[in-house]
Amino acid sequence: MKRRIHNILTVSKKSGDLSWYFDVFIITLIILNVIAIVLESIEPLRQQFQTHFDYFELFSVIVFTVEYILRIWTANLIPEFKKPIAGNLKYALTPLAIIDLLAFLPFYLPFVGVDLRLLRMLRIFRIFRLFKIARYIEALSFITRVFKKKKEELVISLIFTVFLLLIASTLMYYVENESQPENFSSIPETMWWGIATLTTVGYGDIYPVTPLGRFLGGVIAIIGIGLFALPSGILASGFSDEISRRKLQDDYCSTCGQTIKKEQNEI
Amino acid sequence: MKRRIHNILTVSKKSGDLSWYFDVFIITLIILNVIAIVLESIEPLRQQFQTHFDYFELFSVIVFTVEYILRIWTANLIPEFKKPIAGNLKYALTPLAIIDLLAFLPFYLPFVGVDLRLLRMLRIFRIFRLFKIARYIEALSFITRVFKKKKEELVISLIFTVFLLLIASTLMYYVENESQPENFSSIPETMWWGIATLTTVGYGDIYPVTPLGRFLGGVIAIIGIGLFALPSGILASGFSDEISRRKLQDDYCSTCGQTIKKEQNEI
Amino acid sequence: MKRRIHNILTVSKKSGDLSWYFDVFIITLIILNVIAIVLESIEPLRQQFQTHFDYFELFSVIVFTVEYILRIWTANLIPEFKKPIAGNLKYALTPLAIIDLLAFLPFYLPFVGVDLRLLRMLRIFRIFRLFKIARYIEALSFITRVFKKKKEELVISLIFTVFLLLIASTLMYYVENESQPENFSSIPETMWWGIATLTTVGYGDIYPVTPLGRFLGGVIAIIGIGLFALPSGILASGFSDEISRRKLQDDYCSTCGQTIKKEQNEI
Amino acid sequence: MKRRIHNILTVSKKSGDLSWYFDVFIITLIILNVIAIVLESIEPLRQQFQTHFDYFELFSVIVFTVEYILRIWTANLIPEFKKPIAGNLKYALTPLAIIDLLAFLPFYLPFVGVDLRLLRMLRIFRIFRLFKIARYIEALSFITRVFKKKKEELVISLIFTVFLLLIASTLMYYVENESQPENFSSIPETMWWGIATLTTVGYGDIYPVTPLGRFLGGVIAIIGIGLFALPSGILASGFSDEISRRKLQDDYCSTCGQTIKKEQNEI
């Protein structure tokens, strides 16, 4: 019985069996939830279909709760988590299990007496239902792998980014504060200008107006953009490396054994 | 007779013969149509030369209609579509034939009693006349090839893009909605902010103003831009691969046979 | 005499001789001219030092005129232009000679009775004095070489760019024209939006406001930016190829002969 | 005694000894200083905790002064600076020592009778305390190495950048000055538009409005962005070269000797 439920819960590899229908059901429910979240944010729709949204929410939360309980219960059947209680707890702390939990937990908070105003904030957790789909979409585990491989490069360039943002914003704050005390009111406030400039978004809500500030802003833009574009370049090269590695595996299937062996050493 | 018309309609390889003059005539007509569309959009010009534009439109539609009918009629002479009626229909469903059809069809709609207000909308189809030129410009089939080759990468990065846009917009909606109910009125509305930020366009018509919203916006910008730049990097590398492959073919013409053979296996 | 002047005019390879001093003089004069153009554009400075600017202009024009005449006169000493009159004329049509001419010619126009209002426009030609420096800065001939090498790629991607801009602007014009008749008043006007969006500059002076327009704008931004970034990627790769090729030459000087030979075949 | 202090001052390689504790202390102090600078810029916080900020400033300046004096005094123990006085002076002129000096020097200026208004300006020097951390973060010496390696490429592309900015701004000034005399009031002012456009930041505070100005702006944007993105591409490739070189060293540690030898020749 427990094993059968476990088999149904795990992602199916061949279409048509019970496990596959379960996957399709959960994926459909997740997508419908995302659509519901988006539609509910539109005021007129919310007012007109409030009860429909509420019933759908209730239904989703029940399904996700049952799914979560069954997943925790059957976790022992995965070799890695086979210890009776410790294994279940260990499984409950994996990223995917935490996402599963956060996807429905906030719904129960009003029953344990949480302030209604806080509840509004908790609706933000419903976005975790979107993350639940990560289990089924291979492409999302792909980007995770790219991030892991390029971790070192990304950390180094993130240090630069923070360093540069801090220097640029501090300098600009000292230069522009006097003539625009409301826009460049503090260094954290000026960082908003810094991010908008260094990422080249440039909303135009805040920008230097003094000649010195503009000169400084120009120099920062020319120098800084190159450094801010580094993570983007790193991700792109990691992405294409990963793609070509995967293609290699798919193409030369006769030598699959060796390639996979090599890959396992790499990871 | 049918064969002769077919030869005239197909793109000529040597200049000076009848087929070549026909190509030049159609290309000129397409370019004149594009110029007419652009000029007609300028209010004073439209009012002054309305009748000229109308006569030119009539002339163009007649030519394109005749061209389309002849193309469909002579399609049987292409080996792929040689069956009498089924072949003609099959040809009519190729992308280039559909473009040819859409380039003149809307003109006939008023005769079958279509609402005049809808007609205004139908003028948008005139842009398909520009696509007709795709048959003659080799460079446009080039980009199609790049897109095909990099399809997998582009699809993966498009999934990320949509995923990221959805999460960024949902989070920002919950954070900013209360203080800017008119700008961040719903999640779809907030996506407009999301696209403007993640593509770094940054029109500045809508941006976060709360400290939490700005912090979130900054983190989204720094992380997200890297992921949004992926398709651009993929296209650039696909483009340069394709260019170098083509140059290789042109340069070593003596080994053409082998290279082409290899290429055919690739496609 | 003629040969001596010619030697002085050509770019010197060793510092300290007369030709080298002449180069330094001309470069200094060009830079001073650029500084003068920039300073003269500042209203208070122009009013205060008008006569100084005028005298400096007169001096510069005389020097550049004499330099130009001498360059044309001595052109016969270059093997390529050795024919008495035809050679001189041929030299006068080289890009550098045309730049030299345009750098001072507009100054003489008032003497042949040109309208004073037109003269204001002609001041724009003074920027050609900056281009005169191209003869002395090797780095600028470097970029010219990169452009030449990547000509084919740049032309293809320019065709895409124009094509995409035309389609995006036409579609957006039909969609937004009704609700924003003053901003999206015509297709050429809408192209200003198209360029600002596809280059990700996004000034924010003009943007879609209707839901359909925003949806279309989002799709155009995501798809189009990749294609608009192509020329930038092409230039970057051409630039790095050229740099590495030059470094190769400098490093392995013992095999210089072969490398240069190979290069000459390439150019 | 002197040697012991020197050992404490130099960056420790193994955790737990006195030198290591000193490093942690200085790094903590630097980070606290940066936090203090940021917090002090927030008006309400400054007013409430003014005395705390002042005491912390006093303490930091004393520590940094003592640290600086000891570093100069013990510099002789570094082989490169072993000459008694000349060595100390030479050390004092290294970038890191100058940063150390500027991090505390402005604090003493009021004692030597500097104008109070100038003092406000001097607070900007406190940002040098952030640079002091460069000694401890290996990642920052990493980027310095990348900049050094790509110096030639960066200088060439900087020349283009300045050249292009100058031409674009001069042309735009002549075209737009008449219709927007306050925004495009002079060439230096127009350069602010040039930088915002060519870096694609596009604040939207200043943009062309005449048809000719928009046409020129569009052409400049399309051509110029490619050239302005060059430094970013150069940095990215230099960054990834350096990373892969370092990984190579870490991985094949058995052949370390040879790799390091090769590297030393390179530097």
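Note that the chains are named A, B, C and D in the order they appear, and that numbering of residues resets to 1 at the start of each chain.
Going forward, a residue touches a chain if its C-beta (ideal position, glycine included) is under 8 Å from a C-beta of that chain, and two chains touch if they have at least 3 such contacts.
Just so we're clear, the structure is a prediction, and the values are computed from it rather than from any experiment.
A.B. asks: Given that chain C is a copy of chain D, what angle of rotation, in degrees and a multiple of 5, matches their CA positions?
C.D. replies: An angle of 90 degrees brings one copy onto the other.
A.B. asks: Tell me whether chain B and chain C, two copies of the same sequence, contact each other through the same residue numbers or different ones, using over half shared as the line for same.
C.D. replies: Different-residue interface.
A.B. asks: Between chain A and chain B, what's the gap in Å when you average each chain's C-alpha atoms?
C.D. replies: 32
A.B. asks: List, in ascending order, every residue of chain A touching at least 2 other chains.
C.D. replies: Residue numbers touching two or more other chains: 188, 196, 200-204, 233-234.
A.B. asks: Provide the residue numbers of chain A that touch chain B in the complex, in ascending order.
C.D. replies: These residues of chain A touch chain B: 34, 37-38, 41-43, 121, 123-124, 127, 130, 137, 139-140, 142-143, 161, 188, 191-192, 195-196, 199-205, 228, 231-236, 239-240, 243.
A.B. asks: Inside the complex, what are the residues of chain D that reach chain C?
C.D. replies: Contact set of chain D toward chain C: 152-153, 155-157, 159-160, 163, 166-167, 170-171, 173-175, 177, 185-188, 190, 196-197, 200-204, 207, 211, 214, 217-218, 221-222, 225-227, 229-230, 233-234, 237.
A.B. asks: Help me check something: in the complex, which residues belonging to chain C touch chain A?
C.D. replies: Going through chain C, the ones touching chain A are 200, 202-204.
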